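Each of the next two complexes has subunit A plus one other chain: subunit B in the first, subunit C in the second.
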Partner chain A sequence: MALAHTRRLNKELAEIHAGTPVGINLVNADTFEKWLFTIEVMGTSEYEAKKFLLMFRFDNTYPISAPAVQFVVDDTHKAPVHPHVYSNGHICASILGREGWSPVLTVIAVCITIQSMLASCKKKEPPLDNDRYVPRAPENPKKVSISLMVSPLLA
Partner chain B sequence: MLHNYVDTSLDDNLICCICRTLFNEPVTTRTCFHTFCRECILQALSVSNHCPIDRSPLSVELLGQADPIVRHLVEELTVRCPYLDAGCEYTGERHLLESHLKLQCPYIQVPCPCSDGNCKRTVARKDAVEGEMFVHQETGPESDNARSMICESCEEEFPSVPAMEDHLVNSCPEKIVPCRQVDNGCTWRGRRASFQAHTGQCPYESIKGFFAIHSTQMAKLSKDNERLQRRTNELEGTVRILRQELEWAKVALGPWYRPVYPERPPMSANHTQWTDDEGSNTGSAPGRVGPVLLRTVDLTSGTSRPEPGVENGATETLDLFDPFSFITQRQNRASSIHVANNVPTATSVTDTDSNTSSSANANSHAAESARNGHNLNGDATYDSVPSGPGSSNGSGSIHHATGTTLPPVASNPQSTSTALFSDHFPSEDRVVFGDGSPSPRPQGWQPVSSPPNSTPLNPSPGIHSPNQPPVSSHIHSHLASSHPFPCNRPQFMPSINKHVVAPLNLSTTIEGSLIGLRESLVTLSAALESQGRRLELALTTEGLRVSEEVGSLKATVQGLRMQVYPT
Partner chain C sequence: MSEPWVPTVDDLRVKMCYICREEERYDVPAQAKTKWTHPCRCTLIAHESCLLHWIQSSQENQTRIERAFKCPQCGADYEIESDNPLMLRLLNKLNKVLTSTGKVATLVGMGTTIFTFATCIYLMCTSYGAWAVREFLGQEMFDLILTEDPTNWPWHAYLNLPLIPLSLILSRTTLWRSTVSPIVPLFLAWPTTLPVREKRLDPQAWLRIQRAAPPVHPLPSLMSWPPAPIVATIFLPLVQNVYRNLFSRFHHWVLNSEPSSELHTPIFPWRLEIRFGQDAEDAANEEAREENRANERQNREDDGNQDPVAAAERFQRISSASVGRYIGGALLVPRISNFMGSLLFRLSKHSDLLRKFLAIRPPLKDKLDGFSTGEVGTVSDLGQAVKAAFRVLIGGTRTWTEADPVWWRNSVGLGIFVVVKDCVSLLHLYLTKREIQTRRVKNKSFKGIDIRELDLILPPPMTLF
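== the complex of A and B ==
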């Protein structure tokens, strides 16, 4: 079913247009390959009043396979400083990995997870192996090899 | 499957969480009772083995069909026909859509029903009118006419396309046609007008009678060939099955199975020395082919000289699974047997005709003994038999399993001691197992106890002397009565609990055979012992149980007595 992912993404898009949770806003969903969202952490937190740009990339086995999710790092946007977010925007989250992903999860669900991950951060510091990881990391966060990975601590 | 549902408000409970559409062939997990579309969950399980909803362990086996209620709920939803755009306005329950498309929908494409069998076009069912002159809806009318109504070869015009086509195929004189005998090889092609002329000259045409005969013959031959091939396949199948069964039988028999091999080629090559000495071709055992469990052998078939007292075609009625029968036989006949030539004259151990193996010799010895056996009237003289070193009880001559052949010995028994001995080492033929020839037998069949130095030589295939003729039937009676060993039948084997007693390997030295025998005895005694222990144990427990019962009964009786006599 090569079109399965488009059907499902269509459905999700319809739901998104109907309304997204607070702090999550759709920026761009013109293609079925790449979607962009802005994430804001509500309430008082280390990231108050900061907006981050989140990019989703889908392949044709979605939702069986997880999307590639990362923060966009460019001139206008930076990745949040968080123990599970590398400075190149890659996110260390169990639900984004092969073992943690479930086809029941949706794009919105991932956004909410990341939002809460940021909200629950105690200290604004980068990951311990940030400097080791970032220069060697591949472009697509899903293609990270085992040797570079730190064990994901998030649920 | 993307259906077009009439009612756009979908019941959330009926939506698959993976594809976000209404369930299609819903299946439910048996462990956590979550429902998905069959395709969706199968795809998800191919990647991970837990439930997508609650991550509990899940596998394909744990999926079952969803509750019929759920299925009905989904199947009875109203959908529109997928050919809505083409004009079909059908709406109906989802499970009826398939048959609508197959049988009714006027807008679905069906294969073209025109008379041309090769037409691969499709038309909408509403346009597919069954009729003789179904004409395709051609795209451009003008080009059709211009194209099809004029014969391309002779430029003649026709009123309709089919008429033109008919003319072209059957009657146009300008059309290039092949010779009538094109199938038989004629390569002529030319205008139909010159067809007649060519036919008159065509060489293939003139021998068309031959072609006909030839082809009928070929057909017959192919039919026969097919039949024979089928038969061969059948037979091959049978052979395979038989082989398989043979294997199973071999396995079941375990070490008791020793195949017998086909008769040696003419003895002359191998036993020249013997023939020289005796002037006869002796030692050739009667031929027998194949592994033999039950032997009916013509006693004299192999020998060149008929032996006195030898039964012809005596049937072996020995109990097959009676490895020790020979022993009893021997013991019984000890007195009457004059084993003439167990002992080679020690002197001339002519060396290695490496062909003759010790086993061969043993066999020939066996042959001798067999003949001896038959001669119960105590005829002590036997023609010299090439006595093998096999069970050489020879006076002092040592037989190694090195295949030394010994010259045939004079007919008179050499010594009583050897004769006695030889009784205990029966000729191979008594041993139901086979000639003990080593090479064909897989290693695993060697008796467990065969000592290392006794590996028989590998005789050349032609040498294996099949076992000797069967004993006469009256021997059999001895067997039945005087069996010292109760557990020598394969039926008993299971009861011995894997105490396998291997058959005696006589293709070795005396020492080897003795050792083998001893090992067998040891195994047997161990088995017996363990059996005894088990029985003892059983007996003890039974006794204990009984005494307990008695005790309780006594107590009961006591109680009753107290009631009856309250004092």
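== the complex of A and C ==
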């Protein structure tokens, strides 16, 4: 069963090649470790005419455990300013956590969720604890400690 | 046909597992025959093996454990049929009760610790130590060695006694498992102690009693029965190691597992989840690194590891780990050994052999009062003094050698208790493993679902309309 995650990702890739929802486009899926998508919010919203780069990273426990998902932040890309998106690209969404993830979800389902999370944003502002979180957060969002995640409650 | 026709998972044209997303068409036989199941009320279906893997990993995840047996989409309960005998259910219940009692103990303990100063802790440890000594050595010995009145205590009692609870707790961690036995500290310094009661006689008289080798127990030797405390202290870790080795072999034989499955048992069986607010940046960084390591370990465990023995062990570790339970269990050791000792004492009334084995003797009271202190005079024989010192070293003071050896039957009793306890938890582990191995997900028909939503091989019969 070691190859279970590659077989599942292969299936998902075939579905993605057959067509993706509007505003979601595959950029790169050369390996089964890392996929890149562009996300664009359609219609009128705070993020009109902006494209964001979304990175998925998989380990061999996928789909039993969630992929590591974050916005790419580099010289050419920025994370959206959003109450649930830290300036380092980490996303605070229950479906990406240990509690909310389930194998029913797919890569595209995650993309759609994040797209609609952006679309429903009323006010462009970073998370309250952004300054505290970003310098301490590890590079991989799946490795964030619990105490860092509950920090808004303590602050 | 009075009942409307209800299709099942076998009537689908294309089956797609919601976990691995493999598809199987009804007209293309699968290379490997796998069992499909429709476990809930919605249209999700899955390979039974995939679903069991998902359930198992949810059960090992503290945040998901409540929903481990529910469909992530419709929330319907999965019905699992497995070998789940009454015995296993009772043991699981017991485990839960013990854990929640442990949690209460943790809360109470936290409260007291916060409002108690170091001196209070010291006093608590000391009085616990005295209590433990009384439980373990018996009332008679306690009255001779310590007495209820702390002013009689020898100076080292103030160091020794508070260390007893600490060493009991430490001995439960794997760190000390092979080196220190829980009862060693209980009688380590005592046998060679000048008994309080004898000390109250004048020192000359005490020396005379020591030298006057009584005819009942001439010279305590290494071979005497019960073993001299010093000998027992040396041999106990040995016996313990041999036992652990044998039991671990028995454990793997029962579970039919490789000894490697308990490789990464943490030193402290629970993960300390109580965190205090910290303001130093360094502390946070250190914490993040630590969490990284913990996550890596978790990943390794998640790594498609479907070995039922390992899963049962992890499941049990999760469900029975609590600080209160561990510390409480450790501190109860003297009480348990006292209880087992008196049980053995009661049993020994019916068996000569057992009485001999436990070396039960009448209370010392009558004998001590009868000692005459005269006759010996002021003999300044150096050889005699050396002999007396040697006797004390090997066998302990006369008091120790001649008193009813409560400590001996308590040690034996504790040993029996440990063996029984190990066997019960092994049985629990074995039943848990068997339960995991025999799990089957109950397959249900598509009753209650609009048939038009389903892609069926054959169209539904017209009798519906």
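Rule of thumb we're sticking to: the second predicted complex is superposed on the first by the 149 of 155 C-alpha atoms of A that agree within 3 Å, B and C clash if a C-alpha of one lies under 4 Å from a C-alpha of the other, contacts with A are read in each partner's own complex, and residues count from 1 in each chain.
By definition in this document, a residue touches a chain if its C-beta (ideal position, glycine included) is under 8 Å from a C-beta of that chain, and two chains touch if they have at least 3 such contacts.
All of these numbers come straight from a predicted model, not from anything done at the bench.
Of the two partner chains placed by superposition, subunit B and subunit C are both touched by A:S102.
By the touch criterion defined above, A:N60 lies against subunit C but remains apart from subunit B after alignment on the C-alpha atoms of chain A. Between subunit B and subunit C, C contacts the larger number of subunit A residues. By the document's definition of touching, neither partner reaches A:V27: not subunit B, not subunit C. In the superposed model, A:K142 lies in contact with subunit C only, and not with subunit B. When the shared chain is aligned, no partner comes close enough to touch A:M42: not subunit B, not subunit C. Subunit A residues 1, 4, 7-8, 11-12, 63-65, 98-99, 102-104 lie at the interface with subunit B in one structure and with subunit C in the other.
Residues 2, 17-21, 39-40, 43-44, 46-48, 50, 52-53, 55 of subunit B are the ones that touch subunit A when the two sit in their complex.
Contacts from subunit A toward subunit B in the complex involve residues 1, 4, 7-8, 11-12, 63-65, 98-99, 101-104. Residues 1-2, 4, 7-8, 11-12, 59-61, 63-65, 97-99, 102-104, 106, 135-138, 142-148, 154 of subunit A are the ones touching subunit C in the complex. If you check the complex, the residues on subunit C that touch subunit A are 18-23, 44, 50, 53-54, 57, 61, 63-64, 72-73, 275, 277, 281, 284-285, 287-288, 290-292, 295, 299, 302-304, 306.
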